[in-house]
Amino acid sequence: MQLTNRSKQVSNKEMTLAEKMYLPAITKGLGITLKHFFLKKATKPYPDVKTYLGPVFRGHHVLKRDEQGRERCTACGLCAVACPAEAISMVAAERTKGQETLYREEKYAAVYEINMLRCIFCGLCEEACPKQAIYLRHDRFVPVFSDRDEVIYGKDKLVEKSDDRYVRTNPNVQVTPTEPSLSRSVS
Amino acid sequence: MTTEELDLANKAGVPARTDEGPVQYVNELTTLNLGPTHPATHGIFQNILQMDGEKIVSGEQTIGYIHRAFEKIAERRPFYQITTLTDRMNYCSSPINNMGWHMTVEKLLGIEVPKRAQYIRVIMMELARIADHLVCNGILGVDTGALTGFVYLFEEREKIYEIYEEMCGARLTTNMGRIGGMERDLSAEAIRKIRKFLAEFPKVLREFESLLNRNRIFMDRIVGVGGISAERALSYGFTGPNLRAAGVDYDVRVMNPYSSYEDFEFDIPVGQSGDTFDRYMVRNEEIWQSLRIIEQAMNNLPEGSYFADAPQYYLPPKQEVYKNMEALIYHFKIVMGEIDAPVGEVYHAVEGGNGELGFYLVSDGGRAPYRLHFRRPCFIYYQAYPEMCKGATLSDAIVIMSSMNVIAGELDA
Amino acid sequence: MDLTIFIVKSIIILAVFGISLLIATYSTYVERKVAAFMQDRIGPDRAGPWGLLQPIADAGKMFFKEDFIPAQASKWLFILGPALAMLTALMSSAVIPFGDTIRFDNYEIPVQGIEINIGVLYIFGVVSLGVYGVMVGGWASNNKFSLLGAIRAASQNISYEVALGLSIIAILMMSGSLSVRAIVEQQAEAGFLGWNVFTQPLGFIIFLTCSFAECNRTPFDLPECETELVGGYHTEYSSMKLGFYLFAEYINMFVSSAFISSLYFGGYHYPFMEQISNALTNSLGSVTGHNVATAIGTVVFFGKIFFFIFFFMWVRWTVPRFRYDQLMNLGWKILIPLSVLNIIVSASGLLFNGMKYASWLIVIVATVLAVMSNSRAPKGQVSPQRS
Amino acid sequence: MLTNEEVAQDIIRKYENAVGEFDDPFGLLTFTTSRETIIPVLEYLKDHPVYQISFLTDITAIHYPDSPDREYCVVYHAHSLVQNFRVRIKVYLTAADLHIPTATPLYASANWMERETFDLFGVIFDGHPDLRRILNMEEMDYHPMRKEYPLEDSTRQDKIDALFGR
Amino acid sequence: MASDIKLAEGPPSYDGPGFQATSFDKIIGLARANSLWPLPFATSCCGIEFMATMAARYDIARFGSERISFSPRQADMLLVAGTIAKKMAPVVKQVYLQMAEPRWVIAIGACASSGGIFDTYSVLQGIDRVIPVDVYVPGCPPRPEQILEAVMQVQELAHNESLRRRNSDEYQKLLASYSIQ
Amino acid sequence: MKPIEIVFYVLTGITLLSAITVVTARNPIHSVLALIATFFCLSGHYILMNAQFLAAVNIIVYAGAIMVLFLFTIMFLNLRREDEESKTNLTKMAAVVVGGILMVTMLLVFRAVQLPSVSEGNFDARTGLVEQLGILLYSDYLLPFELASILLLVAMVGAVMLGKREAGDRHF
C-alpha cells in the first residue's frame, strides 16, 4: 500500500552467486573482526579509570549549605511532593534562638530522609526546590548496599560536610566515582 | 490448539495404541516453554509452543509479567511526573516517549513551543530512534549467533548516551524535556558530541552492515522467515518499522507531522513481504534516515528560546523564584501540580521506536489526568506472533521474536 | 635398550597428555581474550597479571560448586556423559605426530604417542565416538532443551563425518597411506608448495568446515546455542561435570587444529627445513643437531596449531550460526557432492601423468563464475551513499 | 481531504438517532453510539469506499463512577490511512450491564485490546474468542482500573502515606 | 527481612561455622570471586544497562563474569535487573531454587530492590520478599559503574566466605525464613 | 599363559558380559551402551589379530554411526518407561523356539566345518592390514564387493524414497 510519495524500497533478497558461496562475505567479516583485534580498545576499566559524566549528571543527593555554612533547606516539602517515587520524607521544625548559624530560614528539616532504593534519580526534587537546597551531585554515585537497613539516608549522610562542599560547575572535577561500599571498606 | 490444527497434526504420524483397540494415528507434539526467562526473550513474556520436532505447530503467549499499572499510577500523578512513567515504557527510546507525552499535554494546554525547542526535540527523538533500532538489530545478530556486531553497535549507543547525559544527566530513563520545551538548551559540549557522533557513526554502521547484511548465513536465517502480508499486518494493528517492512509506508512523522517534522527531508523505507529480513533492513535504513534528519536539524537549528513563554506551566528559573513573588507562586503551583488544565480529551500520536505511540488523555481539570491510556505499539502487534511463527522452526521463532522488537515495558505497561 | 625406549615413550605420552590439557585450559582464557579484543574490549584482567589466572579460578570454582543431579535424571548416565566426552577428547591426540624423531645413541624415537599405520582412521573412530558424551548427557538430563541439543549434536556429527571422511580421500590417494606421519613426511618431501593445502584447496576448505561442525563451534554450535536452547545438552550440568564438557570442546579444538596442520599444512615441516636441519647436524653433530631440528619442527607445529585454534575463535566471533535445516542442507547437499567431485577431479588428475594440482580447477571455475555473476548483477545492497 | 463535518453528516444520515454527541476536540471527530450500533458503524466506516477507515488504532475504556447509567465508556479510535482521517467513537455502558459486542471479526488487533479492557475494567465483550485476563494474574478478583480500587500495594513498609496529603 | 544476610563468621560457637578461615578457604574464595558467572534475570530497563555493562565500554569480562549462563545450574550470581511483578515472583524464586550453591543474588535497580516508583497492586515491593538478596544496587537504572560495583561487592562476599557457610545452621535458617529447603 | 592370552580371555569375558547385558537390560539406552561396549571388545579382538583396519572400521561404522542412530531413535521414541506389555507368553515362546533353532543350526555348522589351521611359522602378520585387504577386495573378491555396493546403493535409494515427504506432507 502506497500512502506517500516518500517510500523507498530497501530490501533486496536476491543473492548473487558470490554471496551464495558463503566465503566472500565470511572473509570480509573476518577481515573486520581482525581489524578490530588490533584497534585501540574502547574499554574504560572502571575502578581504575573513572570517567567524568558531565555537569548535569544526576547522582548522589546532597543537602546544600549556604556560604556561611547554614543549611538551606526550609522543609517546605516541595521535593517530597515532586518525588514520583515518594522516597523523600521529612519532619519540619521551627528554628529556635541561637540556631541562626545552623539554619538559614526560620523553619528547618529536623529529619530529612531519602530512601535510596526507592529513589529513581529523576532530578525532580532538585528542580522543585525553591531554596536550591537539594542537589543531585554530578561527581558521586550512591554506593551499593548489602544491608537493607542502610538504605535510608538521613541528614547525617545527606547534608554536605563543610570540608566537602559541592559545586555544580566545578572545573576540578574530573571523575564521577562511587563511594566505597560500607562493608568493603571494613574488610 | 484448535481442532483444525489437531486434525492437521493427526494426519500423518506414528501409530499409538489406545485402550479402545484400533490403532489411532496421533502425532506426538512436544510442548516447549519459551520464557518467561528464556535467554532470547528480551524482556519477559512467555511463549508456549507446540512443537512437532523442530517445527512449530501453534503457539500461545502469556504476557503481563511486568505489568506495572502505568495507567493507574498516571491517574494519581501530576502531569509533569508522568514523564518518569513514559521513560520506563519503551526504555530503549525513552526521549520519544517523554516528548510524545509533553506534546500531548501541550496540545491540551494550548502551548506553542518555539522552533528551537522543536528542533532540539527532533534531534533527541531521532537519536533515541537510532538507539532503539541499534539494540533491535544488534540483538537480532546476537540471536543468530553473531555477538560481535552487537558489541560494536553498543559502543555507539554509549555515545548516544553521552549526548543524553549532556542534555539531561541520565542515560536510559532520561526524564528529558519539560512541558513547554526543554529543561536546558543544547550545550556546546552536547553540540560537539552530536557532531562527532554524526561524523563517526556512519563508519561503524557500515562496518556492521558489511559484517552481517549480505552474509549468506545471516540472510538464510532471516529471509522468508516470519513474513506477514500487508493486509494481515494492518488487521493486527501493526505500525512502525514492522508495518513498513510489509510494504505500507505509514509513518506518523509524515502523515501527522509534529514537532516540525514537516521541515525535514527523509525517506520512508519499506520492505517487500514483511519478513524478518525486511524488518531488519527497514530498521537499518531508518537509522540512516534518522542520521539525515539529525544532520538537517543541526544545520538549520534556529536561534531563540528553548522553552515556551508560558509562565504558568513552565518552571521559572531558580534565581527568579528566590526574588520574584509571582515566579514563586507559579513555582509552587507547578510543583504541586495545581496548574489550570482545561477539561477535555486529546489523542496525540508520535512515531515511537516501534510504531505509533499514542497518548489518549482525558482531563477533568484536576491535577492529574482523569484517564490516561497509552497506545503501545508493541502490545498491539505482538499478538500476531503465533501466526507469524506457525510452521517455522524453533530457531526461526526466536529470530522473529527479536526482530519484532517487543519491549516488555511497553508490552505490559 | 627397551627400557630407554619405554621411558622416552612414556614421557612423550605424558607430555602429549599434559600439553593437551594445558592448551585446553588456556584456550578458555585465550578464547575470552580473543573475543574481548575482537569486540574492542580488554577481557579478563583482574585475576592475576593480565587475568592469567582466570582459567585456574574457573576450575577452582567449578570443583567446589554444588554438584547437582536432577531428580528425574538417570543418575549413572548423567555422570557417564561428561566422562565419555572427556575420554574421547583425550584419546584422539595419541596418533598426532608432534615432531620428527628423537635420536638416542642409535635409536630413533618418533615424537608421537603411538605410531599406527591407520592413524587417520583411528582419529575418525575416536571422533565419531565423541558424540556419545553429548548424546548420553543430553538425554539423561531429562530436559527438553537438553534433549533437543543432544539430538541436534548427534545428527550433525554423523552428517558431517561423511563429508569429513570424503574430503581427505584425495590426500590418501596421493600419499597412499593411512598413517598421519606418512602423510606429513610425504608433504615434507614435496617441499613447501607440496603441502596439501596447496594441492587440495577445496578438500582443505571442506575439511575445515567439517571440523568446525565436529567441534560444535560457531557457525555450527547448534547443540548448545544459547539463544535457542539455553545451554543445549549441558543445560542441567553444574560444577565440574559442566567443566568436563566445556573442556572437552577445547581439547577437540586442539586436536582438530593439530590434525588440520598435519594433514594440510605439513605438520612439523616448514620451508627450508632440510637446509636448516642439515646445517644443524653439520654444526652440532648428528645426535644433538637432529634433536634440535626436531625441536624446531615441534615448535613450528605448535605454532600452526595455535594459529588454527585462533582461527576457530576468530570465526566464532565473526559469523552467525546456521539453522538446523540449513546446516543439514549444507552438509548433505553441498559439502558431500563437492567432496565427491573433488575426489573425481583429483583422481583424474593423478591418473593423467600425476597432476597433483588438479583440484585447483574447481576453485578457479567457481571464482570465475562468482566474479562474473557479481559484476553482472545489480549491486546487492541498496547501499547508503551518504556522508 | 475529508472534513469532520462531511463525515459526521454522512454518519447521521445513515444511523440517525443511534449516534449522537458529535464533537471535534482538537480536530478529532468524536461521537457516541450505542452498543447495538457500534459494530455496524465500525463496519460501515471500514468498508466505505471513500473513507476506508480501516485501521483500528485503539480500544480502551473510562470509568465514570459519578455519572449514573453511564458509568463506563468504551472508546474506539479508528484511522483511515488512505485519507489520513481519524475518528473516535464512544459507547456508554451501565455498571449493571457491562456487555458490548466484540470487534474481533472486523479487526484481529481488537483481540488483545479487548482483553486488556476486560482485565482492567471488567467490560465484557460478547463473542470474544478468548476473553481472559491478560496483564494481571488469573487469580485476581477485581478489575484494578476502576476508580474505587486503590493503586498502592498494601504490603510495602518503607513509605509513609500521611506525608503531604498523599 | 533480608537484612540478616551476613558473612558467616558469626560469634564462635562449638558447632558454628569454622573458627578460622583456613588458607584453603581463602584460595577457593579467591577462585570463586574471580569466576562469578552471572545469570541475568533481566526484565526491563536495568536489563539494557546490564547489556551495556557487558559491552565494550564497561566490559564485565574483566571480572571474569562475561560467561553469562542462562542455565541456573551453572550460574553463581543471579542478577535480578528490572521490575518483578507479582506474576513473576514465583519464577524468580524458581530460578533461585534451581541454582547450585554457592549462589549470590544482586538486586539491580530500584524496582528489583524495593519496587521503586511502581508502588502498585501488581508489583512486588522488592525481591527480598521471596529470595535472600546479597547486594542491592540503587538507581533507576543504575549506571554500569554501579553494577560493576555490585559485582565487586559480591566478589568481596565470595572471597571472604567460608567453605562451610552454605552448610551452616545460620544459612539454613536464612533459607528457611524464605521457606526454601 | 602368555600375556596375549590373558588379554584375549579378559576381552572375551567382557564381550560376553556386555553382549548378555544387551539382551537383558531393561532400559533400551543401557542396552545400546552395552552393545557399543561389545563392539569395542570385538575391535580389540581384531587388533589382537593385527587387523587394525577392520578394528577401526568396525568402530567408525558400528559404534560411531549405526549405534548413534539407534540411540537417536530411542531418544525420539522416549522409551523411558520400561513397558513390558509387549512380552506376552506367546512372544516368549516364539523367542525360545527361534533361538533354539539358531543354536542348533550353528552347532551343526561348527561340527561340519573344518577350520583351516594356521601354522605360526608361515603366517603372514600383514594379512589383516589395509594394503592386503585392498588388494584382495579389488582382485579376488571384486564381484561380491561391487554387488554389495550396489545392494547398499539400492537400500539407500529405497530408504530415501520411504523417508521422502510428499508435497504438502508434514515433517515426520
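Just so it is clear, A, B, C, D, E and F label the chains in written order, and each chain counts residues from 1 on its own.
Please note the rule applied: a contact is a pair of C-beta atoms (placed from the backbone, for glycine too) under 8 Å apart; a residue touches a chain by one contact, two chains touch by 3 or more.
Since this is a predicted model, take the numbers as computed values, not measurements.
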item	value
Between chain A and chain F, the fewest steps along chains that touch one another	2
Interface ranked first by C-beta contact pairs	A-B
Approximate Å spacing (C-alpha centroids) for the pair chain C, chain E	38
Chain C and chain F, separation of their C-alpha mean positions in angstrom	30
Centre distance in Å when chain A and chain C are each reduced to the mean of their C-alpha atoms	49
Averaged-CA centre spacing for the pair chain F and chain D, given as whole angstrom	72
Two or more partner chains touched - positions in chain D	81, 84, 135-137, 144, 151, 158-159
Sequence positions of chain A contacting 2 or more other chains	1, 3, 8-11, 15, 19, 21, 26, 29, 32-33, 36, 41-43, 45, 81, 84-86, 115, 117-118, 120-122
Residue list for chain C, restricted to those that touch at least two other chains	35, 38-42, 45, 226, 230, 317-319, 380-382
Residues of chain E defined as touching chain D within the complex	86-87, 114-115, 119-123, 125, 129
Interface residues, chain E side, partner chain A - complex	1-3, 5, 56-59, 62, 110, 113-117, 119, 126, 128, 133-140, 143-146, 148-150, 152-153, 156-157, 160
Parts of chain C lying in touch with chain B, wherever the complex brings them together	35, 38-41, 144, 148, 218-219, 221, 225-228, 230, 317-326, 380-382, 384, 386-387
Chain D - residues contacting chain A, complex	81-82, 84, 158-160, 163-164, 166
Interface residues, chain C side, partner chain F - complex	74, 77, 80, 116-118, 121-122, 124-125, 127-129, 131-132, 135-136, 139, 147, 150-151, 154-155, 157-158, 161, 178
